[in-house]
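Okay, so chain A shows up in both of these, paired with chain B first and chain C after.
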Partner chain A sequence: MTSATETAPAPKRGSLFGTRMREAGWGYAFVLIPMAVFGLFFIYPLVYGVYISFFEWGILGKAAGATATTQNYTTLYHDPVFHRALRNTFEFALLVVPLEMALGLLVALVINAKIRGRAFFRSAFYFPSIASSAAITTIAIFILNPDGLLNRIIGSDQAWFGDSSTALYSVVGLNAWTTSGTVMLFYLAALQSIPTDVYEAAAVDGTGAWRTFWRITFPLLKPAHFFVLVVFGIGALKVFDQFYIVSQGTGGPEYSTLSAVFYIYQEAFKSANFGVGASAGVVLFVAIFLLTLLQRATVGRAEVG
Partner chain B sequence: MLQTSVAAAEHLGPPRARSAIARRIVLYVLLVAFALLFFTPFVWTIATSFKTLPDSAYFNLIPHPFTTEAWKSVWNDYDFKRYALNSLFLAITVTLLNLFLASLGGYAFARLRFPGREVLFLIILGTLMIPDQLRLIPVFVMLTNWHLIGNFSGYILINLVTAVNLFFMRQYFLTIPRDFEEAAKLDGAGYFKTYWRIMLPLAGPAIAALAILQFQGTWNDFFWPLILFGQGSEHMYTMQLGLAQLTFTYQSLWPQLMAGSIMAIAPILVIFLVFQRFFVSGVTAAGIKG
Partner chain C sequence: MRRARAALAASVVLVLLTVVVASAADARSEKATVTTVTLSGWSAGKTEDDLLQSVVDDFNNTHPNIHVDYSVINGDYATAMTARFAAHNPPDVFYVDSSIAPTWIKQGVVQPLNAFIKKSKYDTSKFYPGLLNAFKVGKTYYGFPKDWSPLAVEINKAMFAKAGIKKAPRTWAELTADAQKLASSGAVPNGKPLCLPADWARMLAFVFQNNGSLAKVQSPAVAAAVNYYTGFFKRGLAATPTQLGVGWPGEALGKEKAAIIFEGNWVLPYMTSTFPQVGFGVGPMVKGKVNGNLGFTVSYSMAKDADNKQAAWTLLSYLTGKVGMTKWMSHGLALPSRTDVKAVGGRAPFLAAGPSSRGWGFPNFSATLTIMNNDLQAVIDGNKTTAQMLADVAASLKG
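Moving on, here comes the complex of A and B:
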């Protein structure tokens, strides 16, 4: 009796084990190629990039007889061009992100009000965000050239991208114009999730529109502010396309449009200093990683508080 | 409760109506200002693409004379025909591969149980943190060693499937009720058949959003084509690379440059007009992820 009840589940457990094995086998098979791609082209390069950064590395690979040194990092530390690239990148990010947020929020507020053609305007403002950066930049070069439309309207002959004192700010304007459409979409989604009774209460209290915005809407959008800040802040630190195209691949005039990623590109493909380029990549990655942690920590605290 | 709020609303009636009108005016002034800011560059671009070179120096919106010369010369003489084909080939190939691999992998992570599943999934999420600028040099060195530079297969290989797409598909599959699969299992369908016959058709909206966003991403990609084809492989240029090159070489050939820009944007504009809601849902999904 006892032996019968003990033996009965045994074959069942065996078949269950077989089913589990079969399921696991198919599971591994289905994720095999994605895992191989992520391992080979994301995780391995992370390690390999750090490795390259400690060697003298040219177009033909590691220099003959090279030993691991921190020479590339020393070179970066003393390279005024790298300092300039970092400064440009952070200045760009510090200017463009608040501008995108302000523009995106303003457009979102206008569209969120009950206006005619709301869907049309939402799409129209969003469109530059999904158009190619190369085309948008080419159009910007056309509009901002010394004989271009902008100068005709404001009566000037400024070479916006060709003058080292305005080039960076012109790219800031260009990116804010392009990207604020996406920021708008996030703010719109956030605005629509604010319960209407909050506003009804404010209306009953007779609070004006201006005060309602600053006292109610703006604070309630806090999660959206932080999300946009993190995502678009990191995006801004990786800027490349627009700087590359407006300067015709030079980063000029006078390094005014050289971003950090652009510096890595130039070290690798113009100077064949793969080692220095890789170490700049590591420095930038660490900087972005620390900023992400900092922002995550702030976001976490803001949500708790 | 209801009575008091009605009374309050009546009490506030007249001043609110006046301020409401003022608000409307401010709103529409802002709207027109934004519309001008966003539309003027595009309108000016389209107008210029139909101008002659001398005419493009003037401030007239209507081309005089109207000509499609710039379009023809960009398409034929400046080889945009080839660039368009290259871009189309890469965008379609990468999109199809991503659709298949991301949905298959997403299905496995959402439904199949296998040891290490959670760890592997965390690794995938972790790769989202690794930026392109760090991968740039090692990936370039690897592809050089494998003789895959200046070669479409190198580009396709590193873009076979993205972590974002796999994550997106997994999240979608998690929202599908298990009933359908249970029925299929009772019928004796295997895991691949269940994925192919049951799960994939149920994931229609996610598949559509992924396809559209991936096509757009690959079509617009400038960075990796520049790295992989930019070094003297002009016959492999994508639309975006070709346009940048044209901008560098013919700096004030505005009608051609504008026609080329419109060509580089046009397919995405058409897709956007037809499938708008998928763009918005894709962006919102990305927002939920973050």
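Moving on, here comes the complex of A and C:
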């Protein structure tokens, strides 16, 4: 009886190439549908949005006789409301992302420690992330009301969402609380992947907990820092729902909760200026893209090397 | 014998088939004469939805050749309609709020109605002109108001009695005097005499009362009206709903955090159902140099892409006609926009504003309103001057 190994012909260069092509063909076939969906719902609208941004564009499409100009971008350049929306958005992102990271990391460290009821705390801290943002914001409006729970506790009558000096920061606090549970999960996964022998060596050297954190844990979490910074940074720059709900769709008081996406929504769907809305979208896209490159070049340098 | 039986069976089958096909064709020809018209609007609660459905049922019963298919659009109405306009698939007849009417008319998605009016000799003189103008551009009609509500003065009776005031204020001078009396007598211990929102949807009525207009928004008349409105805050006689910890002035009246508010017809069912223990009174809107008020109104309009325009016009003219509107008014949910249709009882203070009301809407509405209200809050807070706000508003109104 002859074995299959003995009877199999020796592989030739041509057939190896054919096998690779077949494998590649299967691979492309498998990714074809997801890529088609990605192309149809992400790439095509993106390119089309850039195209629209150069025209006067209404509900029924391009205005009669409209030619490609940069007028929409000029409008944005001169619109103080858009400038305020961009300023609010960047201020929000600048405040909320570090706060989310700090809170998420702190909670992850607590949960990663060998304490009783870890599973309970993990679920409890993650709970705000799975609840509806609209529902949480609505409840927060009650809690932060002038005669709400928070003011009853601290003995104040501050209208947290109704005062232009506190509205943005109140949304920052609310957003950080609702999203830090998800940040915690990423940090927890990263913490659990750090080898224990590093900590054992530090313990043998007599390193204290504070020094161990800053010299070992924090640097080894760099991939997680980069991931969280990019993903949640992009999310913060696209903020809409919480601002919209707390201001009842006005962006107020005094423009303090007017975000860039809110501006895009208002121009496109409320005023039917799709050209201006699209150009604002392009500006925001470019800003996010450049910021992500900057983050990659700084925080993510070692990671993506 | 067998052949004869087969022939007989075949004949029976043939006859039956002929009968079935003939009756189906008959049914088709009957259906072919019935035109379907789609009707859509937003939902303002089950009571109103049911009422409109019963008006539609009446129409269907009296117009056998037209079948109206009524459906509610839930969620963000303007956005949903924008998507349907863009897809060239809007409802044939639909609600248009006066605030968004200029935008949709400018976009060319609303059907001009003059040809239908002329052909059917539809009488437009029965509508309050101020409301009708909200859906007109030049001499072209783009819809007819289905109902409306102006602002009126709502007061807390017990607080007024405590301050020694006998009736709701009728003029600016009385309003100022009453607010001061309410404050000095401590009649509103948990709030302010007035609850005024940082919203031009209230302040514009005062602008009209001072002979001001949006066409000349930087005029001294408008500035004086703004200063009168914001002056209540500066003198500690008013607070915004947010400052009082409520969602809107109606809630402030119900929770006894304000003694005077300016709201429309909608506040009546709200107060009686949510705060039945609070005694409140309603008076006509205050008068400045002249009577002036805002008409919050919604039209029935026809889509430019409507499939059956003649049938859609038949429905539209029925709903805004005397018969349809009379039925629509039977529950007192809104006020009639026609002078020949009576409102239910107790709406006299609102109806008095009919001749002096102007539709709530202006060009570049959404963007301008954002600027108007945010700037007004800044003026109230002392972070912007009236002149700066009016300059911003003027620039935005130009688009």
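Observations, loosely collected:
FYI, the second predicted complex is superposed on the first by the 263 of 305 C-alpha atoms of A that agree within 3 Å, B and C clash if a C-alpha of one lies under 4 Å from a C-alpha of the other, contacts with A are read in each partner's own complex, and residues count from 1 in each chain.
In the analysis below, a residue touches a chain if its C-beta (ideal position, glycine included) is under 8 Å from a C-beta of that chain, and two chains touch if they have at least 3 such contacts.
Because the structure is a prediction, the values reported are computed rather than measured.
For the composite obtained by superposing both complexes on chain A, the positions of chain B and chain C are in clash. Put chain B and chain C next to each other and count what each touches on chain A; the higher total goes to B.
Using the contact criterion defined above for the overlaid structures, shared-chain residue A:254 touches chain C, although it does not reach chain B.
Residue contacts after overlaying the shared chain place A:297 against neither chain B nor chain C. Looking at the shared chain after the overlay, A:139 reaches chain B, while chain C stays out of its contact range. In the superposed pair of complexes, A:125 makes contact with chain B only, with no contact to chain C.
Touch criterion met: A:185 reaches chain B, while chain C stays clear of it. After overlaying the two complexes on the shared chain, residue contacts for A:270 are found with chain C alone; chain B is out of touch. Contacts of A:159 after superposition: chain C is touched, whereas chain B is not reached.
Of the two partner chains placed around the shared chain by superposition, chain B is the only one that A:285 touches, whereas chain C remains out of contact.
When the two complexes are overlaid on their common chain A, residue A:106 makes contact with chain B while staying clear of chain C. Of the stretches 58-66, 76-84, 148-156 or 310-318 listed for chain C, only 76-84 runs into chain B once the two complexes are overlaid on chain A. Counting contacts as defined above, chain A residues 61, 145, 147, 269 meet chain B in one complex and chain C in the other.
Residues 5, 8-9, 12, 16, 19, 23, 27-28, 30-31, 34-35, 37-42, 44-45, 48, 57, 59, 101-102, 104-105, 107-109, 112-115, 117, 120, 123-124, 127, 129-142, 145, 157-158, 160-161, 163, 166, 190-192, 195, 216, 219-220, 222-223, 226-227, 230-231, 239-241, 243-244, 247-248, 252, 254, 257-258, 260-262, 264-265, 268-269, 272, 276, 279-280, 283-284, 287, 290 of chain B are the ones that touch chain A when the two sit in their complex.
Against chain A, the residues of chain C that register as touching in their complex are 76, 78-79, 82, 85-86, 100, 103-104, 106-109, 198, 240, 242-245, 364-367, 370-371, 373-374, 377-378, 381, 383.
Listing the residues of chain A that touch chain C in their complex gives 58-61, 81, 145-148, 159, 161-162, 164, 250-255, 258, 266-267, 269-272. Contact residues of chain A toward chain B in the complex are 20, 23-28, 30-31, 33-35, 37-38, 40-46, 48-49, 52, 57, 61, 106-107, 110, 113, 115, 121, 123-128, 130-143, 145, 147, 149, 152, 177, 182, 185-186, 189, 200, 203-204, 206, 208-209, 227, 230-231, 234, 238, 240-241, 244-245, 248-249, 260-261, 264-265, 268-269, 274, 277-278, 281-282, 284-285, 288-289, 292.
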